[in-house]
Amino acid sequence: MQKYMTKKVRDMAVDDAVEGFFLLKSPTPKTTQNGKSFLSFRLADASGEIEGVFWDYDGNLHATNAGKPVKVRGAVSDYNGKKQITVTQIRAAKEGDPIDMNALVPSAPIEPKQTYTQMVNLIETIQDPEYKQLCVEMLARNRELLSCIPAAKSVHHAFRYGLLMHTYFMMCHADYMSRFYPFVNRDLLMAGTFCHDLAKAKEYMLSPVGLVTDYSVPGYLLGHLYMGAVEIAKVSQEIGISEEKSMLLQHMLLSHHGKPEYGAAVVPKTAEAMLLSMIDDLDAKMELIRESLEGQAPGMTESVWSLGYKLYNHG
Amino acid sequence: MQKYMTKKVRDMAVDDAVEGFFLLKSPTPKTTQNGKSFLSFRLADASGEIEGVFWDYDGNLHATNAGKPVKVRGAVSDYNGKKQITVTQIRAAKEGDPIDMNALVPSAPIEPKQTYTQMVNLIETIQDPEYKQLCVEMLARNRELLSCIPAAKSVHHAFRYGLLMHTYFMMCHADYMSRFYPFVNRDLLMAGTFCHDLAKAKEYMLSPVGLVTDYSVPGYLLGHLYMGAVEIAKVSQEIGISEEKSMLLQHMLLSHHGKPEYGAAVVPKTAEAMLLSMIDDLDAKMELIRESLEGQAPGMTESVWSLGYKLYNHG
Amino acid sequence: MQKYMTKKVRDMAVDDAVEGFFLLKSPTPKTTQNGKSFLSFRLADASGEIEGVFWDYDGNLHATNAGKPVKVRGAVSDYNGKKQITVTQIRAAKEGDPIDMNALVPSAPIEPKQTYTQMVNLIETIQDPEYKQLCVEMLARNRELLSCIPAAKSVHHAFRYGLLMHTYFMMCHADYMSRFYPFVNRDLLMAGTFCHDLAKAKEYMLSPVGLVTDYSVPGYLLGHLYMGAVEIAKVSQEIGISEEKSMLLQHMLLSHHGKPEYGAAVVPKTAEAMLLSMIDDLDAKMELIRESLEGQAPGMTESVWSLGYKLYNHG
Amino acid sequence: MQKYMTKKVRDMAVDDAVEGFFLLKSPTPKTTQNGKSFLSFRLADASGEIEGVFWDYDGNLHATNAGKPVKVRGAVSDYNGKKQITVTQIRAAKEGDPIDMNALVPSAPIEPKQTYTQMVNLIETIQDPEYKQLCVEMLARNRELLSCIPAAKSVHHAFRYGLLMHTYFMMCHADYMSRFYPFVNRDLLMAGTFCHDLAKAKEYMLSPVGLVTDYSVPGYLLGHLYMGAVEIAKVSQEIGISEEKSMLLQHMLLSHHGKPEYGAAVVPKTAEAMLLSMIDDLDAKMELIRESLEGQAPGMTESVWSLGYKLYNHG
Amino acid sequence: MQKYMTKKVRDMAVDDAVEGFFLLKSPTPKTTQNGKSFLSFRLADASGEIEGVFWDYDGNLHATNAGKPVKVRGAVSDYNGKKQITVTQIRAAKEGDPIDMNALVPSAPIEPKQTYTQMVNLIETIQDPEYKQLCVEMLARNRELLSCIPAAKSVHHAFRYGLLMHTYFMMCHADYMSRFYPFVNRDLLMAGTFCHDLAKAKEYMLSPVGLVTDYSVPGYLLGHLYMGAVEIAKVSQEIGISEEKSMLLQHMLLSHHGKPEYGAAVVPKTAEAMLLSMIDDLDAKMELIRESLEGQAPGMTESVWSLGYKLYNHG
Amino acid sequence: MQKYMTKKVRDMAVDDAVEGFFLLKSPTPKTTQNGKSFLSFRLADASGEIEGVFWDYDGNLHATNAGKPVKVRGAVSDYNGKKQITVTQIRAAKEGDPIDMNALVPSAPIEPKQTYTQMVNLIETIQDPEYKQLCVEMLARNRELLSCIPAAKSVHHAFRYGLLMHTYFMMCHADYMSRFYPFVNRDLLMAGTFCHDLAKAKEYMLSPVGLVTDYSVPGYLLGHLYMGAVEIAKVSQEIGISEEKSMLLQHMLLSHHGKPEYGAAVVPKTAEAMLLSMIDDLDAKMELIRESLEGQAPGMTESVWSLGYKLYNHG
């Protein structure tokens, strides 16, 4: 009798009999040419995705199960040169199932709680009481989402804790750079850096497991630069931040994509806005490279979509 | 004894002795090579500008007089092929002087009061009570400036009542176009058109006679697209407009420059936003052409700065 | 015994047995792996297209039937998630078959005869006898095609009567706009607008049912801007229009795409040429939006090819 | 008593007393600050230009003398580091004055009659009777202008016989290249090359001595690509050239600027059109370089306007 | 019993039984749904490619056979409208097999040995002993590759002897053009033209039969412009060419792509560098057109990838 | 009797009598209209420049004195609104004159010796012996120039020690960033950063006091990216660095301008090359902002040439 193994998707090989929890993606009921119903789908965990088929489909799984964990038993085969899993048993996960979300969903390569604490500590170093108060207030209003959501739909930081990782790295860079360029107002820079992407929480729609599935309608029509700046304006007024400081922060949020063709509503016109736009680009590009090189053999990579060319991994 | 005439700047000829009220521009105290003080400046009225010099300068006029009316007596001469006025008497205008501002400051070729009334009548035609209420409220908060300021610093509509003229023409176009394209929500289009440039009142600094002298700091750092959208958001919340309608209007304001390279914060993604961006461009270009052709002889014009080439005036 | 229904393509559902007239597209004889001939094709009507297969193919339909009506009997099934029709009987339509072309071929949402009459009435309003005579002559030479062909191969107005609809809408806009901008010569504008796309009749190759299948060789090598201008020059000379007026019209045709990167041979250098290029773009974009939103549920649409992004349909 | 010398403008030195014929440029009557009339102008010959002033101006020379020869006597001095000629006698040249136009007006570095003959000989080598007949006819209609006018207003070939030189060089290149690329139809290429710039004769306004002063109105509104193609179409019809051949030539003329941003009405879509656009660019660039390096010392040149950077002259 | 024919891939028809030598491309072992191994691949010769399948695969052919000749026996069939060959016998070619490489691998339409000799003769015409010596030395170091490799991975000249053909044609053009533009240093131009692409030998990885399969790592990170210039610098120093001449040649290599967006490291700043970049572009475009038109019926071609549009083949 | 003061150029006021050492710029002998010789020039120190005139010019100063110190006595006056110095005595500085070069020539706001030592210490932290050895060797060969020259001709870092300051700041950033992005090879990054601009010493021509006056011929024809990479290649070979490491460094130098339109010969294809290009841009932009804001009042600055717009100085 066959022995079922627990395996990560990336490690599955032809003829493996596997069993375990996976995320169900794009479940699509189909019909064979002779009229039989079956279910076509993909199974995913943090390590990758595999095509799947369930021949004994009786209508028990639907679109509403998409993006949620299922329990599965099946066998891996080769179909036209690609691996595929033929499932013999499949059901939605239930309350109480022993599911490890970190194994199912890709996460940032950081320790989230510790990183969160370090980010809060950096806010504490802001000297100007108004900028500090604003950050504390913005943190209070966005804590839950900031501490878990991705920083992007794809391209880079598109995993759990992505926004936290990106924001924390950039605040470290802001802190460091302000020592080299004394004409930069460190407090303004730190506050603008902390706040710059907070509105991404409103820009995206999130899947049940916290990944970005699409833009929200306000995200699509207004964008996170505008929504973030509006929130700065509103909170500043509510807690009594000076108009000048609020305006300087709004300018940083509106301009942090650097150039109109990259989505900036205005171009950066202060030292702090310029520096913010550059460390944002720097951290995004470096994370993009990390993800492109990760697990790759030395040599040329696949073409990196957002760069338009291949990287060279010198190992 | 010489007889002083009242003449428009455009009509002045060499050897004319002229007297009258003009705007003083760029008054600059200078010193001749032998150490004598004199005042260099330009005199302007609605018809044009002329260089001027006042040899008996005793310090009575300063930078604070710039942009304000002065009373002048002097003689027109030719200096290296250009007309110049040598002033013998000059003083700041006083309370009670018989000054006709319309003769001094260029104005839109419209009848302002009648145009204002017609614009308000168009607002009255909006059926949706929320969009209509918003327009009424925005009008109440911006009435004074909307009814007089220019629509631009230069290029087109850079005269008194310019914003009123531009807004009214565009609302007429919006009204007309909505009949051809029934999938367009006329009320949304009319409201967005009315509001689209209202924040220009905050984007500019105005001279004593109501012309744009420069961008304000918020205008320079935030821009009228953002400031206008923020005001829509704020007013909508205060008077209870639905979130969806407020968002659709904010989107129209953020996108009305059409493309990122023309300053749009987002691209137009609704029928109404797209139509607004096109009638804005259409009215701006046509006014630009009107100003470029006005008073020109048939034939090629000078190169039009914002187009980058010459127009042909077929008379 | 099965009952055959008459259904629009858009309304066909799996397991329907259908019968009726459709356009045959891309008929392609193929061979199964065991050597049996069959015919693969698409069936189309004004509502959409569906893939089709005919297993009993005996060579009776060929490439020459492409784009023409056929009579069909068959059953709808699901093939890998897409609808497909398996045809049991198929033959070319014959003289006398009860075919309703409006049901088979997509048409502009206008009443063609009435629109044609209104367009001719607008020509009658031209005061200048030369511009009017030119339009009357151009109409006489292009009447048949102008009254039925599409205005485009794809993107927008790519249906029967498309050129008529586009031309008539633009002439209405020209008429309206000329009232707002009195420096515009209304007669020149109306004449240029009427003539601007007439050479599209030579630029395209038309299918048997009047849709654009491809560019003609002269259309591809010379383009409708040039061919239209040449025809203006020729007709003007034949009927004795002044050189100046002919030149101004030729300029409008050569420049009506607005910018070199959009195909303009020269940039618009008169008020009328500039206005024509803007109302052309406006009507094209609005029709593009109409077609993109038509029949769509509220929310984001698919990405619109010629814009490069999704529209938002607020319903 | 001072001895007057005959000198080229380029060779004039401070304190020279000179006498001779020059072209009068931009004659501008002016008035000194104490009311005295004088004439300001430039004097030019084929070697260069010098500023001039005539203090005893009595109104005898006007704008109508601009661009025509004058006889002059005067002295060269230094004015703020630039050479200037103070004229004591000046009059318009008269019938019978011993004027050498080649000394006054810059000319192409070719022997015009010989080059003309060689160009005609190349036309004779065209085998296809229709292409040959067309060239012969086009030559007959444009002989006078083709044999003398410049090929440009500035940048390159902006001298007498410029169009002849440019056309002849390009026909040589066309002849040569057709041997390497046998899929090129040599006759079509030769004919298109000969005709490609003939409409420049209509695109420009010429000064009395045959230099380009400005664009004509048809030149500005229609351009030489269009006007040339129209002439091909018209002449072809008159003398009975086939439609296909006429169309291929029209396509070459419309596309010979290579890209829309360089003024092409359509992009080159035949081998001959592509080759024409490349040898046109090649000959224009090489002549531009010749003119930029001519008479320069080894080392970096001034920035070349149409390139946007400096060339290096290695001597 | 079936008779096997020898046929070019381009000439194969359904039901042909064929036998012969072909290149094996992309051999990929796969598994059917019922678990049987088979080999999927393409067979190629100089005339084209065809999909192939070998059902009796026993593991005898691997990735290491890719790009090498195999001997094949099989039958041509139709699979979903495309031709496919079902192979019954296949083996790697052996020492002694009667293989005609020219039939298997596409080659330039030149006679390689004669072209090589003519190219060497052109080098002999260089008068300057330093430039000549450099060319002789560069030839000696690159002879083997120069005389056989392609000039590109795809787009144009991507066949055996492509670099030789391209280099020879360009040297002819350089020789010819230098007569027309006497300010061009012919010796410098000839030397730069000969050397301009030699580093392509290091930029590519070559298949067993001499076609380009990919970029090498140095080719990808440094590029042939830089590598070629470095080799010029190195060889010049070794054999004692003057620094000035070496620098002028290095400049030509670094700039021969004309513009930064086409890969030029610097823009061409000498007459010779400018001319080289233009004849390089000219020969590349003409070869691209030759390959696009070759074997095509008159009319429009497929869209040419590197141009972005269709050519017109007037036959 | 008048008392002469020692004053910085920036502090000079009208009617000051001043005496001291300045740099002489653009000395130009001129002639008044009545034939008298005089010398026109500018005087400069580290604080700024002022126009000067010397009426008693006897030919004692020439073009060869340009850029060198002179001793001057004179009086400041106002000429058409700008300050000017009328010099009564002027002579070239002599050996032994008490000249403080730091007062005459603008210098980087760093302590040069200390910064140099810190930079060398950073080189010492490189672990890989090959990369370290290369840096030590490159330092040895470039020490003198690296320790004093500017990093640019204008725009930013265009002062003494500019290259040292820029290189040191970037090495600090490289050191810092390598801790955040562990897939970056710190040793490669440090070595590439140290070497990236060393060839600027060959790209520029320096004035007698060490400022950049122009590009050298090799700098103009080859550029510092290429020259730097060539030097890496050469030194690596001489001291035995592996080919792989040399290639990775050459790639970093060739790509450090990030994009072709900014002068990159290839785009950055390794993590280290990408990071180098971003910290180069970051440090250049921040220094540009420092120089633009320095000494400015709060508010909008003048338009910053290399950005194309004004910055806002919030004080």
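The letters A, B, C, D, E and F name the chains in turn, as written, and every chain counts its residues from 1.
The criterion applied here is as follows: contacts are C-beta pairs under 8 Å (C-beta built on N, C-alpha and C of every residue); 3 or more make two chains touch, one makes a residue touch a chain.
All figures in this text were calculated on a predicted structure; none of them were measured in a lab.
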Shortest path length from chain C to chain F (each step joins two touching chains): 2
Common touching chains of chain D and chain B: C, F
Chain pair, A-B or A-C, that carries the greater number of C-beta contacts: A-B
Chain centre separation (chain C, chain D; CA means) in Å: 47
CA centroid of chain B to CA centroid of chain E, Å: 63
Chain A-chain F separation of Cα centroids, rounded to whole Å: 43
Sites on chain C at which at least two other chains make contact: 217, 220-221, 248, 251, 269-270, 310, 312
Touching pairs among all chains present in the structure: A-B, A-C, A-E, A-F, B-C, B-D, B-F, C-D, C-E, D-E, D-F, E-F
Chain D-touching residues of chain F, taken from the complex the two chains share: 28, 30-31, 33, 40, 215, 217, 220-221
Residue ranges of chain F in contact with chain E within the complex: 217-218, 220-223, 225-226, 229-230, 233, 247-248, 250-251, 254, 260-261, 263, 265-266, 269-270
Chain E-touching residues of chain A, taken from the complex the two chains share: 14, 77-81, 299-300, 310, 312
Chain C-touching residues of chain B, taken from the complex the two chains share: 169, 172-173, 176-177, 180-181, 183-185, 244, 248, 251, 267, 269-271, 274-275, 278-279, 281-282, 285-286, 289-290, 293-294, 307, 309-312, 314
